[in-house]
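Below, chain A partners chain B and then partners chain C, in two separate complexes.
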Partner chain A sequence: MTISSDHTDYRIELRNITKQYPGCLANDAINLSLQPGEIHALLGENGAGKSTLVKTIYGVVSPDKGELLWDGDIVQIKSPSDARDLGIGMVFQHFSLFETLTVTENIELCLSKKQLSSIDNLADKITELSKIYGLDVDPSRYIHSLSIGERQRVEILRCLVQSVKLLILDEPTSVLTPQEVSSLFVVLKKLSNEGCSILFISHKLHEVTEICQKATILRGGKVISTCSPQDESPSSIAKMMVGDLADQDAGYSKKEGQQIILEAKDFTLPTKQPFGTSLKQVNFSLKAGEILGIAGVAGNGQDELMAAISGEDGRSVDNMLFLNQQDIGAFDAGERRKLGMANVPEERLGRGAVPEMTLSENTLLTQSKDFVSNGMVNWKKVQTYAQSLIKDYKVKCHGEFSEAKSLSGGNLQKFIMGREIGQNPIVLICAHPTWGVDVGAALSIHQSLLELRDKGAAILLVSEDIDELFLLADRIGSICDGYLSPIVKTDETDIEQIGLWMAGSFISDSQETVL
Partner chain B sequence: MDAELLSQVLFAAIKTGTPLLLIALGEVICEKSGVLNLGQEGMMLMGAVVGFLAAYSSGSVGLGVIGAIIIGMFMSLIFAFLVLHLGANQVATGLALTIFGTGLSAFVGSGVVGQTVQGFQPLIIPVLSDIPFIGHILFTHDLLVYLSFVLAALVSYVATKTRIGLIIKAVGENPHAANAIGIKVLRVRYCAVMFGGAMAGLSGAYMSLVYTPMWIENMTSGRGWIALALVVFASWRVGRIMLGAYLFGLASIMHLVLQGMGWNISPNLLAMLPYVATVVVMVIISADHFKEKLLAPRSLGKPFDPRQMA
Partner chain C sequence: MIRVQARIEQSTLMKIASPLLAIFLTLIFGSVLFSAIGKDPLQAMQVLLIAPLSDMYNIGEMFVKMGPLLLCAVGLSLCYRANLWNIGAEGQLLMGALGGSTAALAFIDSSSVLALPITLICGVVSGMLWAAIPTYLKLKFNSNLILTTIMFNYIALYLLLWAVHGPLRDPEGYGFPESALFSDITTLPILFDEGRIHLGVIFAIFAAIGAWVLLNKSHIGFQIRVFGEDEPAARYAGFNGKKISWIVMLFAGALAGLAGVAEVTGPIGQLIPSVSPGYGYSAIIVAYLGRLHPLGALLSATFMAVLYMGGDLAQIEIGVPTAVVGMFQGVLLFFLLACDFFIRYRVSFITNNNPIQE
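Presenting the complex of A and B:
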């Protein structure tokens, strides 16, 4: 492929793209252009309109206004197959793979009949491409048996098979270990050198400054700025994203924990889900007045661990889980809550809150003792309390009568965090506390967690965001394939080490053979 | 039991299992695309009565079969519109379709209850039917039974070997991902549901034109429900559906066979056998939750609304 020397020859150019959703202007007259071979970052907070914009390019969403130029010509992209015919490939944030199909079948589904007929043997072609780009994956394997990193390689291969000219990646690194991120960047740079344009959505600013030549920053559906990330620092970009400066680098003080509150001893539990992970000899002790962070790539047993500790799992275990030296293995979730445990699950709608119930009613779910007397609910008190949560945690909603499902993910998260922290628990188990929450609100959630810790509560924090764990956790460990790494003081380790643990480097052969 | 009797029994088992096979073949495609249609019994009854009426008034069984297929498709179109277009609950809508079909078929057929037609005649295939033992079991049936063999092979081939099968499976597993790569999810599901309707209608026609060439109210006696269980029992695989259908057929005729052999058991007890067998098989199969979850279409029964894709 020849790269045009004329820099006005854009591979793709968006002019005045506008998309209105009910109650929200997702894209407001957006202009964006990419040259062949350019790696371009699309930045912005959640809800800034990044996803809508890339879905417009890929033909999933049709814009209300504006035009799209491909190699200088105005084109109409009505469906993803139109986009693929032009040479646009997309790697989704939540992978669009089919778990019960093989790698080859997944890739075949994306190809048109014409494309298929030009390939003799798809499996051979996949193997050949995976060798060229170092995207190692076996075409005959089923998706559900692949790790998250391997699945991403399948998504990229799926685009490469169609000789892609523009590759869109929606937050590709959020699910990868640091080592996997480096190898992804090698692939992206190779593609870029061959003339493939890459549009890269991320909110990890140091990655953007590392590989992107240009960046477009969105806020509230509008383009705020276009810049060269190499000339900027992560904090100056953050400033553009957020508007008012949120101090990104604020470090929090670390604390030593006191007596042990929650303890897991050789906690072993087989999974109940076909695609789940069994917990294998998990050992940790959580002390009063500390935050214990557990890093890990999604799907390595975090969900199972959370459910087992909170009691949601429902299976009784003996001599493996202790709260204040009491064996709580046989207690159900409600009994554990009565003992002072609180829980913020990863899935907000459905597990953290009942979607069809109002915020007041959802408050009552986990916090009934203050509001119920003689079996009667004091609704006035509940509503007043819900109002105070909405106010204190800056939850954007119509009021305490809003249904939980009407809130955006980030706002609901703020509400649930507030509700759980408000119970003054002695143990708080918390998954991804600021996932999908904007920077300002994330700061206030951090503050609340630290206040709770300083009051003497023990907090178990499970997150995929290593930066956040390093910021908040006093001690840190990593989970991989259901094994928990040793727990170390955050001050005495580094991201490199935790990254290796996320990939399972701590799992010794002896541990493997035991099970 | 001598070979002669055994071959008679197996012959009858295939004949009895065929309506189940037909309707289950439709339902398996429907479920693979992620739609659970509990209206099978209603569609089958409508197929039976309309097929009978068409054959009765025209004197042509061929027209009867075509009429039954059309009414089955029409019934399933109502269902598809409600659940796919309007997003109605699949379980409730399916149940309503069965109740609707049961009532309507009784109403429509009230004038011809007990009447008979000249049904399909056996079509003995030369040469093949002369094969000792299995020749009689497999190759002395009527046209619809042979058609069911062909359809089973066809459905199995399409589902496992073709791109269409791959697309149906993808839609049933993850409609959002399918939509994102440009598959028209609702169109695929409409087609799958209507194929299910056509097969239910055909199965109804088999009941009223071949099995007992007459119309009696509620003559399918729960076969639509058994087919639904059969699809799960077969873990959505066509070969096992075929086996299951004939096993059920065998269980259904066992009371006649045992009586013929002089066993003194109440015929009412023996008539329960196929239903008991279904329950037992269901329990054994669902004991292994893990495996069942792995094989089931993962979005079965979940509605998909492309307009909600933000």
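Presenting the complex of A and C:
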């Protein structure tokens, strides 16, 4: 059903889009419009309603109120296939590709019969498109053999094959090396020149100022402001998003570590999972009073490294991992914790905290020594301590009886961080501490980490966010395909160098030295 | 339009209401069924559910049946809380009966005060041993606990039948497959003059209370709950999964074994082929009906015991087969699982609501 309207120059226009979820107004009368060829940033903290809004456009979520105009006509997008028929393509944050199929097969899967019959040879078409846009994807390769950046290009190609007029990208750069980000931007600019509108969700403000012509900022489900990013600076946009916090989270001083606490010597461990990454001759020494940052694109062995160090991997190793010169390779995770290791895992819910247990119970999860005597738990003490954690780390929740799953990601992360720091660990290993966390929570998490470092703890920080690593880490290295690069002082390197290491440029060197 | 929505938090009300609703629906189903076969549904319900509680003797019998159900269900509740699908309470109970009987027959001419404790311990240890084998197989070879425990139920049953037809048969029993009657020294004391309530019932109630304390007040109980709800979190926290598996499985085996030995040294007084009318299987339903909560099992075991009693009485008084009990149990579990859906989901009826106005 279509009714004509006067705003014919917009590719897409949203009017008063409202979506109510149980207990949360995700979108509150949102207006948004994109012209053909416009690159438009959608900004906001976590839970601001960005995902709901783009899912509405892509037909995954149906709004309670409001209307959507496509090329000036009111349309109802009831499903992603309606959206694709209109020419809307979307690249999700978590890719939806089948690892055991080839690029061509994956693209074929999401084309309708009509679209398929209009293409003579899909593989040729893919090669042709990837030449035009410089995407460099071989259609006959299997997805599991592709890097994350390449997979993202497959997702983009999938949209291009369907001659896309509006491309939605949900945090596209969070999984890419700096070099991959620049080549993505080249593609996006080319698409925009050809008249394709692009809606771009990102947390990284300097990227937004670099390529976007307009930006819409959401907070609490409402549009707070619309601006043109070229006239703004990253920090002025950050202020619009969260207030004045952004300025405070910068310029921390670097420290020099003291004696070596945790040491890995030629740490080698084959992967357990079919598509996992084996660790290969990983060497590092972590010192007291420093933060050692490990950069890397997701899936290059970070999870395996964390599990091996924390002991969650469960396999025993000999002569490869030392805590204060003691070989801890045969110790399980519980024993390593008793020696003073704490751990902030990547998955907060389901690993760092039990979703359906209260915050008190989740406090006891890793912190038992003060609360258990003769095998019995003193719940009163646990509750009092949980209350103090909630207060000290400004965890927004109803109280110590709230279930972990009722907290937002950032608040749960603050709680877990507080719980682990509260054990006064001598070593803290910490994975992606601020992934998906809003700016305010990230600031307080950063400050907690630095405080712990200044108390003399050794911190191993694994993150995909290279800016965060440069902000916090005293020394830095990079992991690629299970190899760890040399470790250098953060002050003596730059993003360019680490970016090359993330792509694995050090690997041949290190193998040569081994030979 | 009917809309089903996931709840943000599990409904506490529905957690408690679900078993009650399931019982109610089961009764409605039963009434329809009794009407269909030409029995008065009201009279049938009276016989099934009220008559068992009508006099002291019947109440006593009800407790006698509640004992083994509760012992098995408490152990199973712990296993299920730890996400270990132990279906083997029946086999562990039978092995407890067999182990205990062997000891009791060895003490048949003894007058030692230790005879009864040793007999009970033999039963408990036999149950533990029978739980230990599938546990070992699971931890060592990652075998499926459901399948191995079920298979061990059959092995236990045939071991018991072999023993009662062979080595443990009463030589003066005219060839009947029964052991000799145990001597008084190895028989559980009766608590009241009237009826057969024996010490085993008290054991069961203490086991339920003890398991509740273990689960809610002790650190190992907390570890069991974490392990069952969220294994990655348990691994992350450094809990020893093998240790937890051993503890709950051996605990369940011990309680089931105790149930078995308490049956043969209590109400039965000798080893017979039909020690258990499927207590170990019914205990699965009891555990679920009690919300995998040891004190909840106390209530649900009572209900199930009433149903067992009612089945016997129904056969006598209105001439329906005892199979009706098994059918009621099955229907009850069916409705319970269906009602549990509402713990996580809510159903709302909405009138015409067009999401996009034009």
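Rule of thumb we're sticking to: the second predicted complex is superposed on the first by the 497 of 515 C-alpha atoms of A that agree within 3 Å, B and C clash if a C-alpha of one lies under 4 Å from a C-alpha of the other, contacts with A are read in each partner's own complex, and residues count from 1 in each chain.
Keep this in mind: a contact is a pair of C-beta atoms (placed from the backbone, for glycine too) under 8 Å apart; a residue touches a chain by one contact, two chains touch by 3 or more.
Please read these numbers as outputs of a predicted model, since none were measured by experiment.
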**Message:** On the A-aligned overlay, A:487 touches which partner chain: chain B = first, chain C = second, or both, or neither?
**Reply:** neither
**Message:** Let me test your reading of the model: by the given contact rule, A:109 touches which partner, first (chain B), second (chain C), both or neither?
**Reply:** first
**Request:** On the superposed three-chain arrangement, identify whether chain B or chain C touches more chain A residues.
**Result:** C
**Request:** Examine A:25 and indicate which partner it touches, taking first as chain B and second as chain C; both and neither are also allowed.
**Result:** neither
**Message:** Which partner chains sit in contact with A:148 here, chain B, chain C, both or neither? Use first/second/both/neither.
**Reply:** neither
**Message:** Contact-wise, after the overlay, does A:450 reach chain B, chain C, both or neither (first, second, both, neither)?
**Reply:** neither
**Item:** Which superposed partner A:495 touches (first chain B, second chain C, both, neither)
**Value:** neither
**Item:** Common interface positions of chain A, toward chain B and toward chain C
**Value:** none
**Item:** Contacting residues of chain A [partner chain B, same complex]
**Value:** 21, 26, 51-52, 55, 59-61, 79-81, 84, 92, 95-101, 105, 108-110, 113, 273-274
**Asked** Where on chain C does chain A make contact in their complex?
**Response** 5, 7-10, 217-220, 222, 225-226, 229-230, 232-233, 235-240, 355-358
**Prompt:** chain C touches which residues of chain A in the complex?
**Reply:** 1, 3, 22-23, 62-68, 74, 76, 310-312, 314, 332-337, 343, 345, 347, 350-357, 361, 364-366, 368, 372, 375-377, 379, 403, 405-406
**Parts of chain B lying in touch with chain A, wherever the complex brings them together** = 163, 166-167, 169-170, 173-174, 176-183, 290, 293-294, 298, 309-310
